[in-house]
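Both of the next two complexes hold chain A, though its partner changes from chain B to chain C.
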Partner chain A sequence: MASINTGFSKELTKFGAFDFNACYNCGTCTAVCSLSTGEDSFPREMIRYSVLGLEDDIKASLKPWLCYYCGECTTHCPQEADPGELMMSLRRWLTSVYDWTGLSGLLYRSLTASIIAMTLTALAVIAYAVVTNFDLEKIMHTGHIFEMVVIGTVFTVILLPNLLRMWNFIILKPGIKVPFKNYVTGLRDLVVHMFTQKRTLGCDDSQVRWFEHLILVFGYLGLLFTTVFLNWFSSESTFVIVLGYVVSIIIFTVTVIFVSERIRKRREMSKKSQPSDWMFVVWLFMMGLSAFAVRLFIDLGILQNNIWLYLAHMIILVQWALVIVPFGKWTHFLYRSFAMYFDAIKKN
Partner chain B sequence: MAENIKTANYDALVIGAGIAGGEAALNLANNGFSVLLVEKDLSIGGKMILLSKVFPTLDCAACITTPKMSEISRHHGITIFTGSEVQKVVKKSENSFEAVVIKQPRYVVEDDCTACQLCEQACPVVVKDQYQYNLVGRKAAFIPFSIASPRVAAIDIENCTLCGACEKVCPTKCIDFTMEAEEYHITAGAVIVATGFRLFDPLKIPRYGYGQYKNVLTSMEMERQLAPTRPFNTVLRPGDGKVPDKIAYVLCTGSRDATVGNPICSQICCMYSIKQAQLLMGSLPMADVTIYYINIRSFGKGFEEFYEQAKGMGVNFIKGKIGKITEKENGNLILRYEDINENKLKESEHDMVVLSVGVLPNTDAAGIFREQKLEFDHLNFVGQKDPLASPAETNIKGVFVAGTASGPMDIPDSILSAGAASSEAMRYLIRK
Partner chain C sequence: MNKKLGVYICHCGGNISDYIDVEKVKAAVAGEDGVYLAKTTMFACSDATQKEMVEDIRSNNLDGIVVASCSPKLHLLTFRAVSERALLNKYNYVHANIREQGSWAHSDDKAGATEKAVSLVKAAIAKVRLARSLDPIIIPSKKAVAIIGAGVAGMRAAIELADMGCPVTLVEREYFVGGRVAQWDVMFTTNQTGKELVTRLYNEVIARDNITLLTGAEVVANSGSIGDFTLKIKVTPRYMKEKCDQNNLLKAIEACPVVVPDDFNFNITSRKAIYHNFPGEFPQYPVIDIKNCTRCGECEKICSSVDFSQQEQTVEVHVGSVVMATGFDPYTPAEGEFGYKLSDFVVTLPQFKRLTDINKDNLVYNGREIRNIAYIYCVGSRQSEGDNKYCSRYCCTSAIHASLEARNKFRNVNNFHFTRGIRTYGKQELLYAESLRKGDVYLQAYEENPPLVEVKDGQITVTINDIMTGGREISVIPDLLVLVTGMVPRADNSIASKFKLPKGRDSFFNEIHMKLRPVETVIDGVTISGACQGPKNITESVNSALSAAAKSYSFVNKGELALEPIIAGIDKDLCTWCGECEKACPFDAIKKEKQGEKEIAVINNSVCKGCGMCLPVCPVNAINLIAFSDREIESMIDALVSV
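Showing the complex of A and B:
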């Protein structure tokens, strides 16, 4: 027997949720949703859980991750309870629940905390530059090492345990028996959804949204690969240099589209932006642009006289790697694809 | 026209001759007050006279309305203007309102017409019959409907070709194409606003496919198919004339829905849908009827029993609002909804869908009160100064509101409201 927890509504509003208590359970949202099925009917059930504060049921559910926010539910909700934004807020909340450090929750709930985190990381980079007496070569070398170390650390210390916690909430705690074989066969779904986000194509709205996102994902992964493994900034190979330029251009052009969508607020999904949403797209944009500029300055031979540019790039990079990736919106890349993985292994 | 202005004096002016306006006029007249009853339409009786039966008693609506309407028509104290509109009302002083009423030409001399229908037979023009909610056609020279009051022909001049065929056959020579609009300057001691309501237009919800899918109709269209004066003498789906055997009702179409600007409950749709479902079970005993609802609001006297009776008769009730309707090639419709009791998205197939459309305010009265404006509430119904203590009073002293002009209500409540409005008006008139 579950007990009602009315405080949960209040908690959820800190993650962006709207007036979902207005819901009168007509089910229009579920009926107009193009991803909802007889087996997985949402979002109304999630609204009901949220109103009642059934946190354990929400934690055990994959439904928030099965929604790709086309916004039809919000457009047609007769009570204007904004189910689409509730699902988005549940994803933010779940992100904070999965995170063992608790920092995700802190950053989602408090803009001040986010600003402090961003400031501290920036100051740390500047302090390091002062210590090295603004030795560009040394800073760049450290930058490259930093990337590799942080990727490994963030993944093993933060993200992997968080994924295990997600697995615990979804499979272990509810006592779902999954044969080991499924964990192997399900990997196919994991990879497919991680790299294609093909579920978005089931949404009734424009498929341009899926395409833009797909390009951005590949641009981002491309930049990660080029800078970390191909060492773009020190590379002599024309292929690597050109590749780096291409992927960084992709990142900052596509993010411009994303930012302008959030400013124009035409689609339901871009009408309500939380600081975490802004941070994610803006930092991605700045990262693409600054990386592009750094390499351009190297090719023009003027980086030596413009160390500030590399420092700016490094600040953005450190903030990205230490704040946004482990504790911010970046994690949806993992949680969304692992949700599809868990969904597949549960159902097979 | 200016030189033909006619003047007249009444104790009360009643705007709208539906069941509320008619009842109010009758009360006033029975108490010795003279009443001018102004109706925009060609017949008095409003929407009620077009209904099949009434809930929860299943009494024949026409059988209740028609005697009342004849009583109104025959009453010495009541003057009826049909096809007329009140253009403006100005309050001169207490107990003195000046109104301008425009009577549109009917092109038939009312007193001479015998309703023989020869003109109707002779007329070559066929257009959609608005009194049968466009289910069938009518002529341009026509009697509005069989139980219309006055039962007098009219010429639909917009569609008339002026061929003169009706004029030739009319035995009493009462058709007169030279008629013009008449202007009346009326003085009255009190005014009752009984302008009624409008039905929600389901074209505003494109995902229900009304107007696009032939077998999706409104509850008023279904009401006509079930009425004693119904066009087909059975229930047929409009797409191909098939007798339907799986009928769905979509409750809260345009009610309790902020996205279409009408966030409130219309109060009548649950009950009229349950009524229609029962009537359908009577007229099509083999048919399945399913009502999709958010909540069944059976709050009135005898309503809950009526709902239970429908369940007992085998009407299916499913909790879940219809989200989307799609049409199959054979004209059947697929309804997508969440079964709330099972938390499950479902689809079901029906061969006919009835949209239980809601009640919207009629804002016609908004512009007519000059100088002192009539106030409306936030939903555009006529504002009640004190809904609890004195529900018929408006912001203008001497102007009263009756029936659905003040908000959604059913027939018994409309009649009660008309009673309240007429007695408040009498008190106001006597006090002078």
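Showing the complex of A and C:
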């Protein structure tokens, strides 16, 4: 027996949901959705859960992650209840629910908190630079160490526990019995979806969207690999240097497309941008651009005289690694692919 | 008897001629006695054929015509009009139905169908040979209308009739006008209060000299018929003089020791035996409820306007037509129906509407502040097993509107609607949309699995298997449970028996034809309007009231009425009055009358419909139906059997 929580609607609006209470349950959204199936029927059911505030049901559901936001539902909704944006808001809300620290929720709900977090991280970098007396070599060395340490720490301290919480909500709590074998066989789905986002191809809209995203993912992973493991900024290898240039160009070109889409608001999915959405694409863009510039300055031998550039890059990097990756939109990279993984192991 | 007759046999495209050999029929009847011309036609009802018929009748001076085609239900009036255009009395036209009773019924036997058609046409010829020209019966009709009920429908109809120059007697059983609408606060879509609507209508009513308003008045007897109804109306006095000092009145009300439930507030509050409904009620002077008054005299001591010397009166009014506008009662749930009477916090929708009106800042009922409100819809309506199978139409809108009012007027109100599907048709849909957007929660179940109400230690729990959430069991613990009750006919509907008004299966008053004659009843001269006919909202009630006013006016405006002449007639010599015909008559048209030494039956020409029910029961065959006399019918039978 479930009880209604009318407060939940209000809570969700803080995550960007809008007027979904107007839904009169016609089901047009579900009918037009090209990813919805008889077994996994959405988004109407999710709207219903949200209206009634059935939080446990939403936590146990993978459906918000099964939606790839083509926006057909929003276009066709006769009540203008914006089901697409509701699904997006549920993903934001779930991200905050999975996060054990509670910081995700705080940053999603409050723009002020996000600004404070960004400012604090920036100040910390500047403070460190002051402490080192603006010693570029030392700062760059620390930057490289920082990258490796943070990747490990964020993953083990924040992201891994959050994934375990997700697993708890989805598999353990609802009492779903999954044979161990499935956890192994499901890994294939995890890898495929993590690196290809192939489910997006099921959406009816242009597949350009999928391709742009795919390129961006590879660009981003490429930059991560080149800077962290191949130590791009210190590398002498032509291959590594060129690779770094290519992937950073990819990042800032594709993100320019993404940002312009959000400004032009042509597609349903780019019409309603939350601060977290802006932050994600803009920081990604700045990261690509600043990394590119730093290496360029190194190659031109002028970085020593333009230490501010490296500091700027460092600030962007730290903000990215400490705010956006663990508590921001970056996590969709993990949750989306793990959702497909859990979905696969539940169904096998 | 040398009548010149014309016979027309219709192909009806192929509907008839595909099965019946119309040429053969024509040949078979052409030689019949008196038949001057016989024709077949592709479509008898077509303009061209109608013109041809008129031309035939005029140029050949025909004395009668037979049209053999479809059912007379379809085209009787068409060919009567053809006769009239040809200056032939329309009762000299006789119809033979060879489609529904011929080609369609016997499509498997063409020869048999043709043979039958010949017989039917010959029988029609036999009847037309004996047909007489008839003139309509003209009866006087008094130019005055009585309207029973002074709610919105009654008052609106009264104003309309008065403006057309027709004197109106407006009869209201209660002491105050306005009916149910006076009880409502702000209403959708105009945002006016019920009081505002009633005030407006009342001011218009009293501004018209030709409207006589009687309150505390009840029709106790009715005699007569269309054009001449005589109503006896009992008028109970208010026991108050018209002018009344406001201060003294309030003191007098305070002094009255009698406390009774206040039905204006659907018994959620109480009132004294001397009372008024609300400061703006009409007529604006109070009443002593004499049924409950103990005559203790306390009020009399304080207020000089109290006047126990007033007497009950019976007035008699003569009118040509009567408009019924007696309204509805809200459905009263059975004890235990969705927790009704099991908790002090289960109320009906009308009670809830009064409650939101009475409370000013906080919504408090029985000492409890009300925040979470559950509404169960379709209580007493749409019962597939129960008596009220109909949808009451107004309740979805009214409940949503009331819930929004509560939400807007009071703080922290949460609404939970347990529905069977929302029916806010037309513009009322806007209200539903607003309610959804404001965050009201709607849950839905089918009739066979209704919400379950449990009352335990003063706590109400409403549980539903919500079909919108895949049948999930969801429960709400409300502070107040509102049963959204529909409309039922007035509990005291004795007025119907005084007019012999027929009721439908739902027990509301019945119209003749739902679509084409929506305000007339089978009792000529009596029209129906508003919710006495079935559930209606105010717009619909006023629509039907204006329609009924126009229809009633058409009965009385000329001062006389032309009635169909095909009625029964009594042979005074043969009748010995046994009373069988009176019993058989469904229209109350036959009465016993003394003529000299003898008692005989007499037909009321203005009431008789010519149905013929009285004919077979007469043991001495003293009754004949004009145009269907024994001679005519026997001649038709002869024609049918002689083939």
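Here is the rule we go by: the second predicted complex is superposed on the first by the 348 of 348 C-alpha atoms of A that agree within 3 Å, B and C clash if a C-alpha of one lies under 4 Å from a C-alpha of the other, contacts with A are read in each partner's own complex, and residues count from 1 in each chain.
In this section, a residue touches a chain if its C-beta (ideal position, glycine included) is under 8 Å from a C-beta of that chain, and two chains touch if they have at least 3 such contacts.
These figures come from a predicted structure and were not determined experimentally.
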item	value
Touched partner set for A:Cys26, first chain B, second chain C, both or neither	first
First, second, both or neither for A:Leu214, with chain B first and chain C second	neither
Touching partner for A:Ile307 - first (chain B), second (chain C), both, neither	neither
First, second, both or neither for A:Ser36, with chain B first and chain C second	first
Touching partner for A:Glu45 - first (chain B), second (chain C), both, neither	both
Partner chain in contact with A:Ala2 - chain B first, chain C second, else both or neither	second
A:Thr75 touches, of chain B and chain C: first, second, both or neither?	first
Chain C-contacting residues of chain A that also contact chain B	24-25, 45, 79
List of chain C residues in touch with chain A within their complex	414, 416, 422, 432-433, 436-439, 441-442, 444, 463, 466, 468-470, 472-476
Interface residues, chain B side, partner chain A - complex	207, 252, 256-259, 263, 294-295, 320-324, 336-340, 343-346
Partner chain B, residues of chain A touching it in the complex	24-33, 36-38, 41, 44-45, 75-80
Touch list for chain A against partner chain C, complex	1-4, 6, 9-10, 19, 21-25, 45, 48-49, 51-52, 54, 79
